[in-house]
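By letter and in written order, the chains are A, B, C and D; residue numbering begins at 1 in each of them.
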Amino acid sequence: MERGDVSLNGIKIMFGSVKVLENLDLDVAKSEFLVLLGPSGCGKSTLLNAVAGLIDVKDGQIWIGGRNVTWEEPKDRGIAMVFQSYALYPRMTVRGNMSFGLKVSGTPAAEIARRVEEAAQMLRISDLLDRRPSELSGGQRQRVAIGRALVRKVGVFLFDEPLSNLDAQLRAELRVEIKRLHQQLGATMIYVTHDQIEALTLADRIAVMHGGVIQQLDTPAKIYREPKNRFVASFVGSPAMNFIDGRIEAGATFDGGGLRVPLAGYAFAGNPASGPATLGIRPEHVVTGSDAREGAFDATVELVEPMGADSLVWCRSPGGAAFSMRLPGDTAVRSGDRQRASFPAASLSLFDSTNGKRL
Amino acid sequence: MPGFPRRLTSRAAAGLALLPALTILLVAHLGSTSWTIWISLTSSRMLPNSNFVGLRQYETLLNNDRWLVSAQNLAVFGTLMVVGSLLVGLLLAIAIDQRLRVENTLRSIFLYPFSMSFVVTGLAWQWMLNPTHGIQKLVRGWGFETFQFDWIVRQETVIYTLVFAGIWHAAGLVMAIMLAGLRGIDEEIWKASRVDGIPAWRTYVSIVIPMLGASFATAGILLSASVVRLYDLAVAMTNGGPGLASEVPAKFVMDHLFERGNLGLAAAAATSMLVTVVSIAAPLLYARSRARTAETRR
Amino acid sequence: MNVIEPTGPRPKRTSPARVGLYAFLAISALFFLAPLYVMVVTSLKTMDEIRGGYILSLPSELTFAAWTKAWSSACTGLNCNGIRVGFFNSVRILVPSVIVSIAVGSLTGYALSFWRVRGADLIFGALMVVAFIPYQIFIYPLVRIFSMAGINQTLFGIVIIHTIFGLPTMTLLFRNYFASLPPELFKAARVDGAGFLQIFRSIMLPMAIPMIVVAVILQVTGIWNDFILGLVFAGRENLPMTVQLNNIVNSTQGERAYNVDMAATMLTALVPLVVYFGSGRWFVRGIAAGAVKG
Amino acid sequence: MGRSRFHALVPAAVLTMLAGAASAQQRAEVIHWWTSGGESAAVRVFAEQFTKAGGTWVDTAIAGGANARTAAINRTVGGDPPTAMQFNTGKQFDDLVENNLLADVDSVAAAQNWKAILPEAIISAVSRNGKFYAVPVNIHGQNWVWYNKSVLEKVGAAEPKSWDEAIVVLEKIKAAGLIPLAFSGQKNWERDLFNTVMLDKAGPVVWNGIYTQRSEAAARSAEFRAAVETFAKLRNYVDAGSPGRNWNDATALVIQGRAGMQVMGDWAKGEFAAANKMAGKDFGCTLFGSKGGGYVIGGDVFAFPKQKDASRTGAQMLLAKTMLEPETQILFAQKKGSIPVRTDLDTSALDICAQKAAGLMKDKSQQVASVQMLAPPAMNGAMEDVISQFWNGPSTTTDQFIEKVVGVLKQRY
């Protein structure tokens, strides 16, 4: 078996007697940007800490850069890490923060200075080197924290929700920064977040986690378009995907919410079956007005949420199922209006009603 | 509250919250302190009188061997006891913070001395340190005939035995304060230092201990205050002896206040202690206050 | 390449550092326990053995007579009912005094740390200076003030007294703790529109739990072991347990029964000890969430 | 609720309830510092006699003289005085008299004819400006020398009669490998030892010269110097463990025969009794007074703060009277180990040491007043400090010590 740059085999992690992760496998390719995405408590941070060596695994192996590092100390694993709270050493200057680890490991002073300078330039914090963390803004602090990781000159970077403590604007700004860094360095990065926008924008691949299990590991596009189960479908995407409960009849028609949606053109994962199912469709995939095709119906508009470029329009199907659709920002639709709509089969996701798996 | 700007009511609330403290400070503390200063200028004996005698009590005080010796003793005891307790307390806190299974038990062991009245624990110390039936006798009984541990009966060394017992008594509290400080430190700091490859001891020395400034200040002031007010320990362990070798200022105040019925002299002694404390503390507090103002301005 | 491929948890190796840690803790524990050992063995001996034997030796025959005597039949003056007599008085003084003094102290510390009240530094400085004065010197003037206010010799009076004498340390404790918290916390709450008391109750107090534990330790110990203030201010109906303890151990001319003295002291210390043991859970709280240390 | 429980636990209160409600006005709250077993038995004598006389004794015991006095004085000042409060026989209540806080007991004194039945020193100790302000209840001898009979027999020594003889005996005990002088190195006992030596070597004239007249000449006299030198010699006869020791631990050394003798007040008898040792059989007691006045008398008194409620004054007078009744006096002395303050009683019921003391009480020339009776507490404290410094600092010369004593005498108190 080909091993990735970071490879986890059969990881099991316990907190006392509570099982957090079990039998988890994950391979991250060299220079890949992998995002661990999931709600809080899903085990993503725990997993990252295990990769860093900050938490002992109960079972399984961790390989980094072709070495089995399961029993190695964090410093020997060839990783660097950036934390949500920045974790800067408050009584040291920025320079001190960035150089302390190197100093302790006995790196020559000239080399330390060079690396600090380089990292500071890359992150545009050269002016701040003699300040203390308490004198910096949140965004500056996180840059310093990233700088402290950069000077380690390692192949693998771990980010533990690094942007969660920042406000929206800074978050967007630093997101770009990190993306740029990734391209510049060509390093492997594992990035934990609960923010799907970050995941979709940054990742080469996303691992969506829930309940200690990787629900789906795929490219952002695939995760967005073909969620493997109902959890992934509902967690990824904003505004959220619409779900309508019903049944599939003869593998050809979805019947629910007073609608009959033809399924010709839907790529079933297995053999088309019949039975109870949930139909999922993203608001932007709803076809409206004169573009509506097979299975078109008239929906009643209940609420319009203008969001600038788009408007999110909340409707109700003839059978009473609520769903939203995305219309251009300048739409004239108002609540109480009737809106023609159809669900094109190619954009649908169908899930088994019992186990939530994609059909 | 509708109709009121929140800012104003909160400010007012903050002022209101200080009212009890302010009342206590003005009525009880400042009132009593001014009274003490006034009494130190009178010839009061067991009960206060208003017979003004100027600085006579202070003159007596400065010619009093015991007072002078007490002040010296306090300087030695205070320095060793504060530094020692901070050090021992910090080490205990760090040791106990290593996720030990017996943490709760150990914490109680280190704290229990603080729970007991010195009247009798002082006696236990006195017995242990007494050369004729304490540790010295025990060790000699093991065959080390020349073993000598008679500090408590020698004038030059008795003060160090008070330091022992003082540390024994106070280190647990320092440990609790330091532990509270340690537990307040962000776990991610630890993770970051581990990833950085900084050894645990180095993390403590260079990163964590510098972050415990507030804990040090708290413990330091509490210890200093207890040092200046040190009384029970000296009474129970050595009663100030041998000779005057373990006399301390607070004991001087207490003895003259009650047993010796010399309120004027006791008040003069207390006032002198107060003046000393203020002259040491005021510049520190002033500097701190300025530093704080400077920081908030930025 | 390792012969065994590393899998699962790191093999537990006892590092020299760990050995040193345990050695340090063991020696410290011995140092701290030594006087307790002396007290316990003494309390289990007969007076004849104490007079004749070595203080460090184990009792030749165990007797718990001193403990029962200390609790229920030692003379503390005319009455010979041991130290239990004042137990409930002590509890009645302790509970309100601890609560009130910590409440006032924490509120003052909070107001002095986050709220830029004018003269805050002056108030704090004055309180710190007061902490250094031997408090016994305050007794006489406070007796006069209290009797003028009509609360001398009452339970209310002694609670106020403990609040007065606890104020400097309580304020210090909380002010310094709050000052060490990140100011963003406070600012964020202000921006969210929380008021003075709301921030205090729902943000600051929960964060200060380790410090509250310390404050409780300090106050419970101080108030429970207080003798002179209770004696002078509480009134004869409310005299605390320490008065009985003092009566047992501190007689100048009477014959002394060390075994009873020791037992009485340990019995009196039980309440603070229970508090220390009970506070453990709260101490651990701060570390509960996935703590990892070297 | 606190009140009712407290009462239920106090036997005296129970007795009162039986006596009936009529005695409600005769309720007396007494603050004293007699708390331990033997002391408690002694104070019970007062309580029971008072109850018999129709009073109700409400007991407030607080160990440690300074503690009890602090509580009592602060309550008096705070307007809630106890009915009676204990003092050592001496000058401790001077300030209360000056501040007009004490009631006089002249009526009782006249009725019981105190002037005839009390020793002169005691009379002057309890009266101020011609009025009696306290009732004396007992006499404690402060300068007893206790010795273990078998130790003295073993080294072949007889009971010494003076400190010069005692030093010979101490030397013999030392040669036998025992602790010659059992000593408790705390300031007040160091002072008592010094006073004991001083009285024997320098006599009552110098004693009064120092403590009453505060005369520099007395301190510079040859007799005083001789006393100081003898006192200094005694350092050779105490063991290394003596500093800081409690007096009863020193007594225990004598009881066990590990030490030869001890200088201590007659309350030490309580320790001997607790160890089942008999005076005259197991241990001996003696007093040194080569120049007369060999018995230092101190003791305890009760004073009566002025009451707002006049009805409580009756209880005060009843209590004062009861305490000096002959029966009370003898019973109390037996329990307390002291001797009665009255000189007109039959003391054959007391132990032989007490009888010896009671004998001396009949002859004024055999007594001196204790330093507490002669000098204010502040001066006694200052003397304590100087004596302690000298005792523990062998490098201090006799001359230096005498200069320091002169310094103490010159100070204003």
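Just so we're on the same page, contacts are C-beta pairs under 8 Å (C-beta built on N, C-alpha and C of every residue); 3 or more make two chains touch, one makes a residue touch a chain.
Bear in mind that the values here come from a model prediction, so they are computed numbers and not experimental data.
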item	value
Partner chains that subunit A and subunit C have in common	B
Geometric centre: closest chain by C-alpha means	C
Chain pair showing more contacts of the two, B-C and A-B	B-C
Inter-chain centre distance, subunit B versus subunit C - centres from mean C-alpha coordinates, in Å	15
Centre-of-Cα separation between subunit D and subunit A, whole angstrom	88
Centre distance in Å when subunit A and subunit B are each reduced to the mean of their C-alpha atoms	54
Subunit C and subunit D, separation of their C-alpha mean positions in angstrom	38
Where subunit B touches two or more other chains at once, by residue number	123, 133, 191, 193-194, 199, 258
For subunit D, residues contacting two or more additional chains	65, 67, 70, 77, 246
Contacts with two or more other chains, residues of subunit C listed in rising order	140, 227, 246, 249-250, 290, 292
Contacting chain pairs - touch in the sense defined above	A-B, A-C, B-C, B-D, C-D
Footprint of subunit B on subunit A - complex, ascending	49, 52-54, 73-76, 79-81, 83-92, 100-101, 104-105, 135, 145, 148, 152, 160
Subunit B-touching residues of subunit D, taken from the complex the two chains share	65-67, 69-70, 73, 77, 92, 94-96, 98-99, 185-187, 239-246, 376-378, 380-381, 385-386, 388-389, 391-393, 404, 407, 411-413
Subunit A residues within the subunit C interface of the complex	12, 15, 46, 49, 54-61, 68-71
Interfacial residue positions of subunit D with respect to subunit C in the complex	2-3, 5-6, 9-12, 29, 32-41, 43-44, 47, 57, 59-65, 67, 70-71, 74-75, 77-80, 140, 246, 248, 252, 255-256, 265, 267, 270-271, 273-275
Interfacial residue positions of subunit B with respect to subunit A in the complex	186, 188-189, 191-199, 202, 206-207, 210-211, 298
